[in-house]
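Chain lettering (A, B and C) follows the sequence in which the chains are written, and residue indices restart at 1 in each chain.
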Amino acid sequence: MTELLKIENLKVNFRTFEGVTNVLNLESLSVAKGESFGLVGESGAGKTTLAYTILKLLPIPPAFVESGVINFEGENLLKKSEGEMQKIRGKKVSMIFQDPMSTLNPVFTTGQQITRVLQHNQGLHKAQAKKRAVELMNLVKLPDPENILSKYPHELSGGQRQRIIIALAFSCGAQFLIADEPTRNLDVTIQAGVLQLIAELIRETNVTVLFIGNNLELVSLICDRVGILHRGQLVELGSIKEVAKHPAHPYTLTLLRAIPKEKREKIDLTQIALKAEERLAEKGCRYAGRCLKKEKICLEEEPALKHIGGTHYIACHL
Amino acid sequence: MRKLLPVETFEAIKPRLKEFKLTFYLLNRNRLTMIAVITVFLLVLIAILAPLIVPYKEHVISGTNPQEKLLPPSQEHLFGTDELGRDIFSRVIYGTRISLETALAAVGLALLIGVPLGAIAGATGGVVDEVIMRITDIFLSFPPLLLAILIAAFLGPSLTNAMLAIAVAWWPWYTRLIRGQAVSMRERQFVRAARAIGTPHFKIVFGHIVPNTIAPVIVQASMDLGGVILTAASLSFLGLGAQPPTPEWGLMVSTSRNYFLNAWWYSIFPGLAIFITVLVFNLVGDGLREVLDPRTRKY
Amino acid sequence: MPSARVERKPKMLKFILKRLALGVLVILGVVIVTFIMTRVVPSNPAAQWVGPRATPEQIQAAKRELGLDQPLYIQLGIYIKNLFTGNLGKSLKTHQPVIEELKNYLPATIELVLLSTVIAALIGLPLGVISAKKKDRWLDHFSRFFSVGAVSLPTFWVGLFLQLIFYRWLGVLPLGGELSTNIKLFYQVPHVTGFLLLDSLITGNMVIFKDALLHFILPGITVALYPIGLVARMTRSALLEILGEDYIRAARSYGLPESTVLWSYALKNSLGPTITVLTLSIGYTLTNTFLIEAIFSWPGIGSYIATSILSLDYPAIMGVTIFAALAYVVLNLIADIIIALDPRVRL
């Protein structure tokens, strides 16, 4: 399998008035061509930051990349100029954003926004772009395309908007798709439909996917492999089967326990209620402060990812 | 009788201290704003120490010196002399005091009118609110400079009247600002509690609502100082403010009009003084606004 | 399915009518406030009317003629009644109807204000965009310093300063007025709309147009400075806010070039507040011209009100005030409509 995306030693920090905080610290992570890789973690774990770092859309300042390499098709994205990145964004790497309410520009009709992207990325004429936009609406199963394309975003529902955002992400034949919690801000009733649509499109286009979510169950519907992100670090990595069936890291266990399996299963809340740690400890495991099983070594040494069988890795001393 | 401070005031002190530190940190990062803050302090110092600084104290008010009229800048007269032979440098320095005094008095008076009216309107609601706010709307529909010009014209030209005119033109802005705050205060727990134990209405307004809404108004007022100084100078320029021989900057520029084509220094220096003073006040106001506005605030 | 935009029209009309009614009330308030102000001033309009060497009998007669012997509220009622027929009374000094005098002086002022505002938009908008784009770089510092400087400058002083440089020292531009004296003497000055630059242009009178343009430059720059600063500041702060929005990041993620993102996606979102500020600044600019017209001997209402104020010619003062308030109310209304036109705003 060839690697499409390979991240090494990536460190991203935020500079605030209280000092510098590390938000992303990835030793090694790669996504193979055609693979769907899931990234799971709680809010603030650095998932979206990783997405923005890959596309070089981080707000700098306050964020800055301290070190690292992001190889895409063998070329380091972090070394690319803004002009070179513009040729990659949308065309080779595209992204589905999490908030359909704020992702579309409020003062242009959806049609104007889609044709604008098509005209620029694919050099289409206006009429061609309009035709293609209608096709895209059919692709994401939005009925009455002409009507939808003539509307402003605020005149559409959240589900309709998210389908348009999905259409935009698939509009220019990108080989790598970043989906950042695409169903997070949708009503529960329409989440399934949108998720199914994404799954179908992924299968049809054979695109490589980095799927971000905070729910392991949901991610397992789409992905082959999954990584668990905690405070900017990978704590567990493996195939969906390995991680979902045999979770090894205490944090993954907590994440899994937070989802009720049976209808009336009683959840021991003390087991899933994690203390919010304000600051990172200077040494030791980043999870130690919240870990129920921590030992002395956890406070002193930072664990590295270790192989525990198959394609399964965890970063834990225990 | 003991003055009761609302409990929330105490609760609010700790985060406010952190807020203050953060504000200062952010201001400090913006060098332009910091230079302006320092200049404002310098100007205040100059205003206070004016009598000690000026080289020709007798030139400030009257004291003519016809042999030395309209001399260009030199060692003896840094900014040159005017048509009566007075030292322009001394008069400009003294003008700092006049401008700052006028502006502070005008804004203070505007606050004195605007704050109680706004607090009463917001806290009372109903017809009282409606009447006060409609009157405010009428005043707000005059361009402020025009209103100040009109009032100054009708009151008769003098510095005090110019100050009164500016206050009358400015109060509605504060009324509107504090009313909005007061409305949101009306249903807060401590106000309800005070009402429940039978505190008289005016005591609720001035004992509870005003102290809790005054902060943003004070910030706004300090940002307005630049504009007020400019308006006062404009009134004097039109002959509606300070009268000769007062060393007021706007008036000095105004009298210089008959001589400036052959004596550039006469109008340049007083005008520059107005510009720099208004500029530093506006820069501080701008910096404060950017730092205090959560939408543009960046760490 | 009926489009939402079709439903907007009657709502829009209702909104405008409501604002219009409110505007009429405000104007009425302005009339009453100014009227009362003119009457509490210790002055004697009747004596002014008949001149300095009048007998007490003549003054009494003038009082009756001007209706000054009536109670205050009746005077006010008569004034408001006349207002609806466009009668603003007669100037105490010239004995001419105020409305006719306003008609003479207004075009010069309106031309100065509107043209300067257009210039301000053309300079201020790009300045604000560049400033936001290059936030905290030297270009931003320069542009911010310039725009804060522009609103801090005493305009009357700028006028003198420009005269000193371009008239006295460089000798390339005229000192003041709307036209050179010899041009006024030797040429037939066209009068179609009353706007000199426009009139000379449409009648093809290039000599007059060129002369008028030369006379316009200095007062035009002086008047434009304030709105330039205002627009640049507003555009910058609106854009800074918008550039942090999700849809801007999304637009970049689709590979759109930075120029499209900035000048189309972001700028269109910031136009609302910017145009609002520009519209409202016209009201301020209007009063600012009162100072500037005096310096450049510009034959507009600024010069008119300056002389009226000094002689306490209260019908003239009230006339100008009502006009200014009217302009202010109309501009506010336009600003509100612009905001309401934004597709995001649902009335």
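Odds and ends about this structure:
We take it that contacts are C-beta pairs under 8 Å (C-beta built on N, C-alpha and C of every residue); 3 or more make two chains touch, one makes a residue touch a chain.
It should be emphasised that the depicted structure is a prediction, and the values quoted were computed from it without experimental measurement.
At the far end from chain B, in terms of centres built from Cα atoms, lies A. When chain pairs are compared by contacting C-beta pairs, B-C ranks highest. Taking the mean of the C-alpha atoms as each chain's centre, chain B and chain C sit 24 Å apart. Chain A and chain C have Cα centroids lying 53 Å from one another. Residues 52, 55, 57, 59, 82, 86-91, 94-95, 97, 99, 102-108, 116-117, 120-121, 147, 150-152, 154-155, 165, 168, 171-172 of chain A are the ones that touch chain C when the two sit in their complex. If you check the complex, the residues on chain C that touch chain A are 1, 3-4, 244-247, 249-258, 260, 265, 268-269, 342-344. Against chain C, the residues of chain B that register as touching in their complex are 32, 134-135, 137-139, 141-143, 145-146, 149-151, 153-155, 226, 230, 233-234, 237-240, 250, 253-254, 256-257, 260-261, 264, 267-268, 270-271, 274-275, 278-279, 281-283, 286, 290, 295-296.
Taken in their complex, chain C has these residues touching chain B: 25-27, 29-30, 33-34, 37-38, 40-41, 141, 144-145, 148-149, 151-154, 156-157, 160-161, 163-164, 167-168, 233, 237, 240-241, 283-284, 286-288, 290-291, 294-295, 305-306, 309-310, 312, 317, 321, 324-325, 328-329, 332.
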